[in-house]
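Two complexes follow with chain A in common, the first pairing it with chain B and the second with chain C.
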Partner chain A sequence: MSIESILGTLEWTAENSLAAASQWKQASGRRIVGSFPMHFPGEMAHAAGCTPVILQESHEPITVGHGMIYPFYCGFTRSIVDQACKGDYDFLDAIMFGDHCVQVLGAADVVRAKLPNTRVHFYQLISSMSDPWSLGRARETFLNLKEGLEEMIGHSIDDEAMRASIRLFNRNRQMLRKLYEMRRAGDARLTARQMQILVKSSMIMDKAEHNRLLEELLAEFDKTRATAQRGVRVYLSGHFCQAPKTGVLDMIEECGGIVVDDDLYHGQRFISTDVDDSIDPLDALAKWYLERNLKVPCPTRVDQNADWENYLLDAMERSRADGMIVLMAKFCEPHMYYYPEIKEAFEKRGVPHLLIETEHELNSFEALRTRVETFLEVVKRQTAARRIAA
Partner chain B sequence: MKSYVMGIDFGSTTTKTVILDLKGKMVASCVASKGSISAEGVQVSMDGAFAQAGIAQKDIARTVSTGYGRRMIDVADQSYTEITCHARGAIAMFPEARLVIDIGGQDSKVIAVSGDGLVQQFAMNDRCAAGTGKFLEALARAVQVPVEAMGALAMSSTEKLTVSNMCATFAETEVISLLAEGKSKPDVLGAVHAAIASRTAGLVARVGNRNPIVMTGGVAKNHAAVHYIEQALSAKMLIAPDPQIAGALGAALFALDEVAKPSAAMMDEEDGADEAMSSARGCATQPCKTAAKLPANERPLLGPM
Partner chain C sequence: MNDLILPQGKKANRLKTSSMNNKMVNDYWTDVFNAKAEGKLVCWYEGVAINPLMQAADIRWVHGEAWSALLAARNNEQPAQTAAEHRGYMKELCSYARTHIGCGVLAQNRGVEASGSSFSDALGAGLLGERIPAPDMFISAYPYCSTGQQWDEMLFRLFGKKIPIFNISVPWVWGNKPDAMYLGGSEFNEAKQYMVKQIRACTDWIAQQTGKKYNWDKLSEIMSYTKTAGRLRVEAMELCKAKPAPASFFDWTTSLAPVNFIPGGPAIVDYFEKTKAEIVQRIADNEGGIPQEKYRLFWDGIMNWNKIGWLANKFAAYDANMVAGRYTHMGFWHEFESIDVENPLEGMAVNYLVCPINLSAPLMIEQIIKLCKHYEIEGVVLHAARTCRAFSNPQFLIADAVQKRLGLPVAMIEGDMVDESFYKDEIVNSRVEAMLESIEARKRVGIAA
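Right after this comes the complex of A and B.
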């Protein structure tokens, strides 16, 4: 398959997550476990013989959901509630709810009320990551989750099955990270939209199938030489539970930015960390949960050893980015809470950055385009001014 | 002989054209209003400017476009955003200015600028017409006075009223209920202008107040708007005799730079930019050793914009 057709297949899955999952259910006969982002270990559902699918914000306007959730909830939670009200989740065999923020908890309540016959696993992962008991508590939560899944499938999940799933998922993350590395180095030309498609489809598609397509894709990229790209190298930060609108990503690149790296959930955040396949699987998952937060700090977790703004400054340096664009989902509390610190740190170092607040309803990019284009013009002109001054 | 440059600001409600000779002297400026994003408006504005200068398209060495419709202008060799161009134009009008407040038909922006007209920071309304010319227009309609007359009427207000909604539709309801309470048109219009001023003060706060301030854009011609904004900011503003053409002037000045020094054009045309970017790359996050610092009194580009 050519690069285009592989990306085409993955794009269809990414953009039609529920249709893709339900087709897969019919074809494979596997149970589909829908999960909330951002901390559920899909490998556990996979080891139970199910296919884990991370629930996505839909592009549909929010209608009936309005009656169930306040308009000042983030677009992701409002869209999830709306989809549940519209019956879109009826085909799911189970839903895994984590409680990483207050809004997601509200959404979980509505979904539970709307789907009384769907099996629900609710888990509360410890949010304080650097206490002596953090690891043990995370393991306990994962053990409960495992027991819940075992009850659903009617038998226990053995450690070897867990390790096999862990290896499969690790392989997936490794290949995606390789693609990120190739893009950063300029060896693979992947737009921000394509990168999102690669990661987002991994949240939906059967992992073995996804791995097969990624292998083909990597082989294709190895055959071709990428031509150098010109423009302002941009680092994208933010957006946790939902994927940024691909129109916004396209617009950034149309304005002359080249997205070279990100810390998005539909990006590096999702693939940053592998699970140790040599130790007890539950220990390994608990370890993964804590390590992951050091790799790409999450503003919904509290960690004495992680510092998001320093992480971002370092990450920008590693990817040789010229400026950062922060994508903040409107009403996303954890992000709003941390943003001032990021702003301060970036201002102190004089690193150019632009904040864009995104909305479920926002489809007109014109005014946004003016801001992005100006930002990129300014980064260019300041660079020129520095050069002349030198 | 191509001895002129042209700047076209294709805005949401009007199109402005400025023509400069190669010494930078303005030889023509023309504002045409033909409704939203109108190609006809562009033609009228260009033709008007050509007629004033007594020249034709063939005499133009380079054209830079700006404004909402900047990418729709075929004759343009290059386009920049209205923020970049307004900053440049405003500084050309008032070199001492460090903050530009531009309120146009569809958007309002506040830009912090350096002495050479480079944008340092900016904030703009990016969702609705709150605090723009459109807001004033909608409310002039509600009060049933012509837009051109609303400023003068507002200046004769005697009672302080408040219009608190920034959404033009809600504000209209508020205005109608004030009129129904028997409040006078001048007082209601005073409140409408105060509302725009408070919105502008909010944008200024996002960028950080600096002085001197220059105001550009069509709304700068409205004395009441200027008065209330000055009151809200406790500062006097500089207003050009023709504040609407700042963007077109800035665009024309960029065109002039690019004719004079083709390397300036290259800054935005691939190679030059790329070379400059890569020589400074890696310096963004590090205390940089290779690239020169900005002069000590100038802050680098910062913050949310």
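Right after this comes the complex of A and C.
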């Protein structure tokens, strides 16, 4: 398959997540376990013989959901509630939550109420990452999740099956990271939209199938030589549970930005850390949970050993980015709390950044374009001035 | 519009004992202001009432929500909120947190402790937000709401990550297993033991901060007063089943301080003894919490501290007695019976776990239904606090349940805890009036509550 045709297949999955999952259920006969972002260990559901699917914000307007949730919630939470109210999740065999953002907790209650015949479970992961009991508590939570899955499938999940799933998922993350490296180095021309498609489709598609397509894609990229790109090198940060709208990503690049790296959940954050396949699987998952917050710090966690702002400054240096665009989903509390730390650190270091607040209902797109154009122009001039001074 | 439910300019008949509460609150904050001068360590914290843990170690404490609520109730919240906004905190963030963090920014800005102006001088000058002493430690123990833990984390970072912090993670009482029930079931029992383990570790950590052995006898003594105060408060509230109800939700809101952050001691017991006596006397005199009780309502959601007096009088004017509420009746040591004063940690854990936001909707709704039945409620007001998603989360499910299971009309109103700008009075009026009309219509056709 050509690069275009592989990307086309993955794009359809990414953009039609529930239809893709439903088709896969029909074809494979496997149970589908829907989960919330951002810390659910899909490996475990996979080892249970199920296909884990991370529930996505829908492109549909939020309508009946507003009868169950106030409008002052993030677009992701409102969309999840809306989809549950519309019956979109009826085909799922279970929904399992693992995060702790207060808005997600609210959505969990509504989803359980709206799906009385579906196994809707909640496994709350410890969000304080540097306490003496953080690792042990994370392991206990994963054990509870394992027991919940075993109860659903009617038999135990053996350690070897867990290790096999871990290896499969590690392989997937490794290939996606390889593509990121190639883009950073200029060896693969992948737009921000395409990178999102690659990662988002991994959250939905059967992992073995996704791996097969990624292997083909990597082979195709190995055959081609990327031409150099000109433009302002941009780092994208933020947007946790939901994928940024692809139109916004396109617009940044249309305005002259080249997105070279990110810490988006539908990006580096999702693929940053592998699970150790040589130790007890529950120990390994607990370790993975804590380690990934050190790899790419998450503002939904409190961690005395991690500083997101310093991580971002270092990541920008590594990727030779000239400016950072912060994509903040409106009403995202964890992001709103942490943003002043980033702002202060970036201003102190003189690194330019632009904050964009995004919404489910994308209004004033043209005003956004003007802001991005202006920002990129400023960055371009500052970068040129720095080069002359150097 | 029925003329019987138009506002008549009547005012709430507040409990006389509430003036004692004001004095206790002022004295308490004066002690906090003087902490540094008296050589006491100061702990900043949010969420559940862990203050007995600090009191037993002779540490003074600043409860973020209590402090923000006090600033709002006394029109002194603006300087702190503006300071937070200047640092980049957005308006959609928890207004309690914004106000408290704003106080942290003010403390950073001034660099030294504020001069020794008195409580009343600072209040008069609109500078109350600058008066709290900077923290020597943080303890985070926030149930349900992710905002709480992050709020403490941001304070920790604001003060340069130099001030020690201890995190207690409070598990949400969700109920995956079939044995899940209020105060029971395997998940609840496990959560309780997990909490006990963390609270015990917290006392060890406190001992490290003070350099003194933790005083368990003192904690038992404090919890003995707290348990008695909790019992007296619940007994007094339950007496409001009487018609007319001798006190309102707004009275109980005003009376939260002694079971939330005032030091555990004889004063808080005395306060609720006198409150209960006043309730008993009012029942004997057939005296209600409002001049004329025509409707009995339930308040779901957190309080709007900017508007507490305003709302109390508004509902009094509608002859609507707000008899009970989730905020006041489902928290603040209401499960006093679970406290064993000789070994108080488990009982403390129980009360923290079943606070008004930490139950998942099915468990929470059962408790609300019980309260509505006990107090013979006729309508439910749901206050959607714009920046408190923790309280707002289950409100559509609650509204649905009370309508379907009890046939109660509801009014959903928007406001906030301490950000006045989210409150829209005319919308409140029209929604409340519509609900009262509905109650009136039900009465006309003979549907009893």
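The definition used in the following text is that the second predicted complex is superposed on the first by the 381 of 390 C-alpha atoms of A that agree within 3 Å, B and C clash if a C-alpha of one lies under 4 Å from a C-alpha of the other, contacts with A are read in each partner's own complex, and residues count from 1 in each chain.
Simple rule for what comes next: contacts are C-beta pairs under 8 Å (C-beta built on N, C-alpha and C of every residue); 3 or more make two chains touch, one makes a residue touch a chain.
All of these numbers come straight from a predicted model, not from anything done at the bench.
Asker: Consider chain A as the common anchor and indicate whether chain B and chain C clash or fit when overlaid.
Answerer: Result for chain B and chain C: fit.
Asker: Name the contact category of A:R212: first (chain B only), second (chain C only), both, or neither.
Answerer: It touches nothing on chain B or chain C.
Asker: Based on the superposed arrangement, let me know which partner A:A384 touches: chain B (first), chain C (second), both, or neither?
Answerer: In the superposed model, A:A384 contacts chain B only, not chain C.
Asker: Just chain B (first), just chain C (second), both, or neither: which does A:Q103 touch?
Answerer: In the superposition, A:Q103 contacts chain C only.
Asker: Is A:K343 touching the first partner chain B, the second partner chain C, both, or neither of them?
Answerer: Touch status of A:K343: both partners.
Asker: By the touch definition at the top of the document, which applies to A:H59: first (chain B), second (chain C), both, or neither?
Answerer: Neither partner.
Asker: Check whether A:S127 is in contact with chain B, with chain C, with both or with neither, and answer first, second, both or neither.
Answerer: A:S127 contacts chain C only, not chain B.
Asker: Once the two complexes are overlaid, how big is the angle at chain A between chain B and chain C (Cα centres, nearest 10°)?
Answerer: 80
Asker: Is A:A367 in contact with chain B, with chain C, with both, or with neither (first, second, both, neither)?
Answerer: In the superposition, A:A367 contacts chain B only.
Asker: Which value in Å is the smallest Cα separation between chain B and chain C when the structures are fitted on chain A?
Answerer: 8
Asker: Intersection of chain A residues contacting chain B with those contacting chain C?
Answerer: Shared contact residues on chain A: 343.
Asker: Contact residues on chain A for chain B in the complex?
Answerer: Contacts found on chain A: 230-233, 313-314, 316-317, 320-323, 326, 343, 346-347, 349-355, 362, 366-368, 370-371, 373-375, 377-387, 389-390.
Asker: Which residues of chain C touch chain A once you look at their complex with the stated criterion?
Answerer: It comes out as residues 87-90, 92-94, 97, 140, 144-147, 149-154, 156-157, 161, 165, 167, 169, 171-172, 174, 176, 194, 197-198, 201, 360-362, 384, 386, 389-390, 392-397.
Asker: Inside the complex, what are the residues of chain A that reach chain C?
Answerer: 67-70, 72-73, 100-103, 105-106, 108-110, 112-113, 121-124, 126-128, 131-133, 137, 144, 148, 299-300, 302, 304, 330-331, 333-334, 336-341, 343-344
Asker: Which of the residues in chain B end up touching chain A in this complex?
Answerer: These residues of chain B touch chain A: 68, 80-84, 107, 116, 118-120, 122, 124-127, 267-268, 270-274, 276-277, 279-282, 284-286, 290-295, 299-305.
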